[in-house]
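Read through the structures below before going on.
The two complexes that follow have chain A in common; it is paired with chain B in the first and with chain C in the second.
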Partner chain A sequence: MSGRLSAVLAAALALVLILAIAVFPLLLGDLGLRAEFSARNLAPGASHLFGTDQMGRDILARSLHGLALSLWVGLIAAGLSVLISALIAMASGLGRRADQVAGFVTDGFLAMPHLMLLILLAFAFGGGTTAVILAVAVSHWPRLARILRAELLQIRAAPYVETARALGRSRLHITWHHILPHLLPQMLVGFLLMFPHAILHEAALTFLGFGLEPSRPAIGVMLSEAMRHISAGRWWLAVFPGVMLLALVLSFEMLGTALRRLISPREAQC
Partner chain B sequence: MLEARNLAAGFGRKPLFAGLNLALPKGQILGLEGPSGAGKTTLGRTLAGLHPALQGEVTLDGAPLPRRGRQPVQYLHQSPLLAMNPRWRIGKVLCEAAPVSEAHCSAFGIEAGWLQRYPHELSGGQLQRVSILRALAAQPAFLIADEITASLDQISQVQIWQLLGGICRREGIGLLAISHDAPLLSRIVTAGQITLSRG
Partner chain C sequence: MAGIFLILRQILLLSLVSAAVFALMKVSPVDPVDAYLGPAIAHVSPEQKAQIAASWGIDRPAHEQFLAWAGHLLSGDPGHSTTYNAPVLQVLGDRIGPSLALAGGAWALSGLLGFALGLLAVAAGGWTDRVIRLYCYVLAATPTFWLAMLLLMVFSVRLGWTPICCAGPVGLPPEEVSFAQKLHHLALPLTALTLFGVAQIALHTRVKLAEVMQSDYVLMARAQGAGQWDIIWHHGMRNAALPAVTALMASVGEMIGGSILAEQVFAWPGLGRATVDAGMKGDVPLLLAIALLTTLVVSGGNLMADRLYTRLDPRMSGR
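What follows is the complex of A and B.
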């Protein structure tokens, strides 16, 4: 399959999923949030496609609510992370000392075990949705920052930037017109690849009890609750939310990889 | 007058050349030849203020070259494609220093149709014309032309040098023509020819 076609297909799939996740919870209202004790622990069937949980809540509706929440957390966290990456990369371009400091901070973050760092940050930020967003954002920027820094240094040394400087263009003009437009595709791909990571880490943190509040219909909360009931044969409590999360993550992973291949075929083969 | 006194430049602490003295009057064409690796490009870039000197100084009318702003010594790259933002159309590239009139474009043989194209869509000779006109729009006192016709056919070489030489003489712009092609240089220089040898 050509790179362009796979990018279009992945983009279409991701768009459909986002629209479904964004629109369905609005249509569902409090379905999936409200307890309905007359329909407890129902296996998947015609009335409840994905079954119900121990409080009679519809798993399909609850999963859609959970994914909508994950989507928002992922979007904000990945967006913040890209912003931090860009700022650190720009700081690296200010001079040798600034580059050394930025490199030291980046290496420091990369040296720490990822999940441990996430848990510590979520704990330090006080727990809850905002803490998860901040923890994911603060722990995910280093790899993209390294890529952006390398790109920035390469562009700064490019003959067309040197020529622009000799022609009297200001540093601001060069940054805005010559450097940033070349960094934007990398930032977009970085965002798309970071987004599924952010969602997965949000779910992982919540599953471990350091993430979103248990009262919220997050996928991590659902999976964590399902662990207690799975030995009783209620497999649908874990399988369906897990598969839906996986589908969302994979579609964005595919979109990011396809876009990266379009921008830099050599890098995608590494 | 563009002058270099006791100039040494290179990479790291090792100079490619040292103790070099050079004077280029305005409106004259000086040739610089030598084999690959002799330091022709490094000398050209040092004279344009793009490469730091290890020793000595470069002066323009007795004063050091300005460190910021539009440079009075413009450097023309061997590969004009690399010297143009690949995301900009030629029309935007041309006007990077100052607006360029249609009359100037036609004087340089730049067709209106090129302006909407991207750099990679033009040939080497076409790009070099754009590159020269862009540099001239910055109203330089001196031009350093570094192997600007090295990758072109002979007809394009002659056209480009005739164009550039004529403009420099007419506008009083000093030109340092760098090439490893000594016979070519001997046909265009008016202020002599210097040779850099390796080591």
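What follows is the complex of A and C.
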């Protein structure tokens, strides 16, 4: 099978998985959210494939709700973050001084352990869903910004940009019509590769207690509840939500790598 | 000259980061007094709350607080931790040892093991390479704390080989814990962090080594009849070592982040747990101090990663 075809197939498979995760919870209704005390702490079996927790909630249904939640948080946070990195990259395209300032800010964000920065930001925004989204958005842009900046400097030296400049087009016109369209593919790939990070960090923050509210069916909340009952030996509480989160993250990685292979085949040989 | 400029830039960067972090703490809607009191808030009158705020100095304007804090910090006093009711320096001193043992140990181990795995992947090729690559990709997508929980469930709960928490037997004061007991308690957290740290170093080593194996000098060595391990030993290892060391330096931040999560899962009494406690209870001085300390370590690591390449590679030293 050719590399391109397998990349398309991988992308399609990952997309189907992700769409299924987005749609499933709508069909479930409040299954997995409602407490049912007649079915507490059931081991995985025919009626509850992944077992139930201490409140009698079905782990499979609850995990699906959690994944959908992760998907939304990741979507908004990674989207915002890509926007920030594009703005920073374009700012460094303005001139030498602006480039230095942008580089300094980027270095400042990279100078702190990522999780530490996330904790500080979540604390600054007061915790909860909005805080997590903002914290993840504000902390994930530096690496993509560096990639976009390198790309932008290359495009700016291209003959068609020089021509446009010679024809007297304004800076804004050139940026909008000539530079931005060339950055879009990189931004899309950057978004898809940032997504798994965003989801993992949201789960980590939530697990530590700085993230989504404990009332929500988030994977991080489920895992921190499982942590409290860990010595009771109910392994399914921790294993299944984690496996499903892993599956979601891997499908995004697959989609991102496949798209990168399709967009820039030369760079992604290894 | 360039060195001095870099150090000055680093100092400027650190002071701006500390100002930014201080500002972040101040815009937070979390009220430190409320967070400190917790459920006991019901028994405290507004006047008493104002008294607590005044004794902590947080009723003054933010810029005054910043100047006072920065002045104290420069004279070596980062303040008083409200969570542990002790000077921040003492809290840091008590906890830096366990943190170093865990994060530092895992960092060194993942460097060594990762490098060895990367070499093995290229040298053996075929299925070994595929398995190692799969391991690295899956591990990069695995939540660190979940991996730690799985290990805890298997080895502590199910098999009972390792203790379930902490840095020593419950109830024993830290100074009476023997070295063997310490190692016993360290084993599982260290394993969890190392498993997670190995992946990145192995991938880096593998990519670089694969590049070296395509080079002309390796082709030449092969034509002269050198075996696979011979080539890797004499040509591959040295060339792959530099990128691996650079990747290891750059991974310091990830390791600290991972250790915050691992410390939370294993109830390890290090800086990571203190970070979470401080964040939960609104203990701003402690949170600030740990954030700055880790920033110092990570930015040092980044700087080393940048400089090491030009320093260690003899081809670069001409400049």
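Please note the rule applied: the second predicted complex is superposed on the first by the 259 of 270 C-alpha atoms of A that agree within 3 Å, B and C clash if a C-alpha of one lies under 4 Å from a C-alpha of the other, contacts with A are read in each partner's own complex, and residues count from 1 in each chain.
Everything that follows uses one rule, which is that contacts are C-beta pairs under 8 Å (C-beta built on N, C-alpha and C of every residue); 3 or more make two chains touch, one makes a residue touch a chain.
Predicted model, so just to flag it, every value in this text is computed and none were measured.
Placing chain B and chain C on a common chain A by superposition gives a fit, with no clash between them. Judged by the number of chain A residues each one touches, C leads among chain B and chain C. By the touch criterion defined above, A:P159 reaches chain B but does not reach chain C. In the superposition on chain A, contact is made by A:G168 with chain B only, not with chain C.
When the two structures are aligned on the shared chain, A:L245 is found in touch with chain C, with no touch to chain B.
For the combined arrangement built by superposing the two complexes, chain A sits at the apex of an angle of 100 degrees to chain B and chain C, based on C-alpha centres and given in steps of 10.
Look at A:P44: by the touch rule set out above, it reaches neither chain B nor chain C. In the superposition on chain A, A:I119 contacts chain C only, with no contact to chain B. In the superposition on chain A, contact of A:P185 is made with neither chain B nor chain C.
After superposing the two complexes on chain A, the closest approach between C-alpha atoms of chain B and chain C comes to 19 Å. When the two complexes are laid over each other on chain A, chain A has no residue in contact with both chain B and chain C. Residues of chain A that touch chain C in their complex: 104, 107-108, 110-116, 119-127, 196, 200, 203-204, 207-210, 223, 226-227, 230-231, 233, 235, 238-239, 242, 245-246, 249-250, 253, 270.
Interface residues of chain C, counted against chain A in their complex, comprise 9, 13-14, 16-17, 20-21, 24-25, 27-30, 137-138, 140-146, 149-150, 152-153, 157-158, 164, 207, 210, 252-254, 256-258, 260-261, 264-265, 275-276, 279-280, 287, 290-291, 294-295, 298-299, 302. On the side of chain B, the complex with chain A involves touching residues 48-50, 69-71, 74-75, 77, 79, 82-87, 96-97, 134-135, 138.
The part of chain A that touches chain B in the complex is made up of residues 158-160, 162-164, 166-169, 177-178, 181-182.
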